[in-house]
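Should a chain be cited, it is by its letter among A, B and C, assigned in written order, with residues numbered from 1 in that chain.
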Amino acid sequence: MINSYGFRKFKNRFFFIICAMCVVIAVVPLASILFEVVTRGAPQLSLTFLTATASRGGIGPAIQGTLILIGLTSLIGVPLGVLSGIYLSEFGNNKYAQSVRAINNILTQFPSIIVGITAYGIIVITLRSFSAIAGVVALAFIMIPIITRTTEESLKLIPNSIREASLALGAHKWRTTLSVVLPSAKSGLATGVLLAVARIAGETAPLILTIAGSRYFFQGLNKQMAALPLEIWKNSLQSSPTLQAQGWGAALVLILVVLSINIAVRLVSRSRMKT
Amino acid sequence: MNTKYTIVIAIVAIAIIAGAIVAYTYSDSGIIVLNGTGASFPYPLLDEMIKDYETIKHNVQVDYNPSGSGAGVSALIDKIVDFAGSDAPLSTSETEKAPNTLHIPETIGSIAIVYNIADVPSGLKLTGQIVADIFQGKITKWNDSAITKLNPEVTLPSDTINVIHRSDSSGTTFIFTGYLSTSSTSWKNGEGLGQGKAISWPTGIGAQGNAAVAQTVNTTKNSIGYVELAYAIDAKMTYAAIQNPSGNYILPTLESTTVAAQARASSGLPAGSESWSNVNLLNANDANAYPIVGFSYIMVYKELDDIPEMTQERATAICEFLWYVIHDGQNLAKQVNYAPLPSNVVEINSATIKSITFNNQPVLK
Amino acid sequence: MKLTGDKIFKISATIIATSALAILLITGYTLAVGSVPVIQKFGLNFFFGQQWNPIEGKEVFNILPYVLGTLATSGIALLIGVPLSLGIAVFLVEMAPKSLSVPISYLVELLSAVPSVIYGLWGLFIFQFWMRDYIQIPLTKYLGWIPLFSSSQSSLNIFTAGAILAIMIIPTIASISKEVISAVPNSIREGAYSIGATKWEVIHRWVLSYGRSGIFGAIILGLGRAVGETMAVAMLIGNAIGPVAMPISLFQPGQTMASLIANGFLDTTRGSLASSTYIGVGLTLLFISLIINVGAHVVMTRVFKVKGGAVE
């Protein structure tokens, strides 16, 4: 009876429904997060909110700080990450490269708070001050492994025949790599960079220990600085509804940045697959 | 496809360049930003003062981060800020690490015992002993006989008390646990208890900063916590009337705080360069005084050259701001429910600020 | 020997690739040096004791409750997150039509793009009350006599933190499991169908068991993310300290290693015993996270037979 065909069919349908339920359960939080962030954050948005300092109820310094962090971190992280990826992909057939690859994979999963302590230990203590530069170093530590990995993966997708064709024309390997292989992989590289940017834009824990937040606009690389994730965190700890609402407004700005990067990447990589 | 890419990359590039341009213009605008960090206890007042000061002095900005007194004292010792805020005076060992620190009491506030019980308004009567027992986990229900006996007219639920305390190192905690230590011997001598900026809490939920304690009490049913009065009023909380040494149950208000300040702070205070570790404003001996009251201090080095990258300009800006805080800034105190400093404290502070030097020369003449 | 362009290129790429190793070494060195004082002072008790006393002159810092708190929240996250993720993966690969599975897998991956601090914000103002009203209050009402379910009524607790971690690790586990399940050869499915199995039986007995080591690897990666997650947990776990932070009941406030560091590190003075304590917690977290991630790496390498980094 227990193994009758009818019961087995019922079980089949039952688990189908269970699996569909799992999807619903996972999508509900996403929907709720987006709904709450938009409905609570949108009323905050105004030119003053986006550009003024805290004294006038704005998050201008935080937006500026996040842009500076993204810019400077990319300045360090993209070249280092891409070159490491090139090494792993183009010269990576040896034991040393394998261990670098393994370490790199592990670093992509590193708890970010640990990176924060490290940056505190090597930069904040040396400079004797919380500083923008300490935040940049911490975020670069997070960004480099991600870009290394995506670069390697997208270079691996370039067929060897392209490299061989270039070498056969007499081009040096460095020339081949930089002028032939890299450009062919450019959409993959851009995807990797953008995803890494989206990731570091939302990092909070390392910033607590490095840039420490500020009420005002950027004052120098060796000074404290504001950033959106810190602003959200600090406002979430407030009891005043006005400040809490500002936190939701900041969350809306951050989520717009992060999700639009993700969606752009998705659209682009989809059209790439089609072509 | 390529156009899409160009657009995305262009947007990112523009954002970065814009950030850099703004960064560049601001780095050279002649504005002096003073950095301070520490106590959240005086922050509602300090925040008003800073906004007011921005309108008076256009080229000076004060960046105060209410990260807690513990973080303030640490930053002072590590010399990473221009001034620190702390509601706990420096201890002996902290003084050794930060010698020649000046204590400048900036304001006087009281700590409200806030609670969130359905249908119970402000004014629940509590004694120091009962509060200590609740925070020690000895009294766990709201309808415990010790509480109901004092409040026969209030219907209290049989629910478990949710204790909310500070998770960071805090001067508010220092004043509060100091009060509990005077009220309860088992608190004073308990393992991991006593007076401190942070202790090993025997029960409860930790929240970071005065505002977060207020928020957590507001969102947690049947909870109790302790916050500076300004936070309690701002967050529309209900709070207890606490028994003072005269036996009266007193609500924390501007008046009951001021009375306590007058009774305890009008004489016998040390100079700014001396140790303040024995000073407290608890249990003032006045029939109308609220018992849990404390100073909040700004701490600066006597010789400002001790701080890296200090300049004459910066030193002057610090001293002028401090001067403003203890004089004109005090006019803002009442509207946010802090007691203005008594005149004798202002006198001590004026002498302290005049004693601040840069390269051995007094900064203010 | 002439230094050709190619040689310079190779050498510089090699040097730069060493940055991964350098990051790991710098991190390990900074944490190891910083935690020497506290480990010297308390020895093994630092890891296995429960006491915590920051009051000057009576300082004791032992970290067992936070290590266990990390394991407890991550364990809860796996218990909730793994079945959900597998359900999603199976649905996407085996059940949903392509027109549905593409947008859904996209939505699930968006979950991983939401920054941790926004999970925390949402958790603090919305999610914790769902947990309190729909899970905690019913459970404690009927099962409150079991110590595991005993409770105060606050929803800032270990279970809420574990539940939000579960949501955060779903994208990791689901997307890898999806790949693993898609990689199961169709001949396996066809063989099973040919002996008359229903779709569910095929999935359950053949597909999942064929892919189990890959799924195991996905779970370990999810665990790695849960262990190191900081902000959302710090905002929701209730920040207990000392012996009361030992995770005994699901609905008590607790503390993880990461949340402890985020909450307290800045309160300490450079070079003090307390500062060394937090660095020691960081070292312990690094160690645990390394074990988990190396484990995941080993499993995944075997599963996908990675040779020279390429998935063959």
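Please note the rule applied: a residue touches a chain if its C-beta (ideal position, glycine included) is under 8 Å from a C-beta of that chain, and two chains touch if they have at least 3 such contacts.
Since this is a predicted model, take the numbers as computed values, not measurements.
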> So which chains count as neighbours of both chain A and chain B?
Replying inline: C
> Which chain has its C-alpha centre farthest away from the C-alpha centre of chain C?
Replying inline: B
> Counting C-beta pairs in contact, which chain pair ranks first?
Replying inline: A-C
> From the C-alpha centre of chain B to that of chain C, how far is it in Å?
Replying inline: 36
>> Just the number, please: Cα centre separation of chain A and chain C in whole Å.
In response: 18
>> Can you pull out the residues of chain C that are in contact with at least two other chains?
In response: 266, 270
> Which positions in chain A touch two or more other chains at once?
Replying inline: 212, 244
> Hey, what residues on chain B touch two or more of the other chains?
Replying inline: 67, 78, 207-208
> For the complex, which residues does chain A have touching chain B?
Replying inline: 55, 64, 67-68, 70-71, 74, 124, 128-130, 186-187, 190, 194, 197, 212-220, 223-224, 237-240, 243-244, 264, 267-268, 271-272, 275
> Any idea which chain C residues touch chain A in the complex?
Replying inline: 4-6, 8-10, 12-14, 16-21, 23-24, 26-27, 30-31, 34, 83-88, 90-92, 95, 104, 106-111, 113-122, 124-127, 167, 170, 174, 198-201, 203-204, 221, 224-225, 227-231, 235, 258, 261-262, 265-266, 270, 278-279, 282, 285-286, 289-290, 293-294, 296-297, 308-310
> Which of the residues in chain B end up touching chain A in this complex?
Replying inline: 1, 4-5, 8-9, 12, 15-20, 22-23, 26-27, 33, 35, 37, 50-51, 54, 61, 63-65, 67, 78-80, 207-209, 211-212, 214-215, 218, 231, 234-235, 308
> In the complex of these two chains, what residues of chain A are touching chain C?
Replying inline: 8-9, 11-12, 15-16, 18-23, 25-27, 29-30, 32-33, 36-37, 80, 83-84, 86-93, 96-107, 109-118, 120-122, 125, 141, 144-145, 148, 152-153, 156, 172-175, 177, 198, 201-205, 208-209, 212, 229, 232-233, 236, 244, 247-248, 251, 254-255, 258-259, 262, 266
>> Could you list, by residue number, the parts of chain C that touch chain B in their complex?
In response: 51-57, 128-129, 152-154, 156, 238-244, 253, 255, 263-264, 266-270
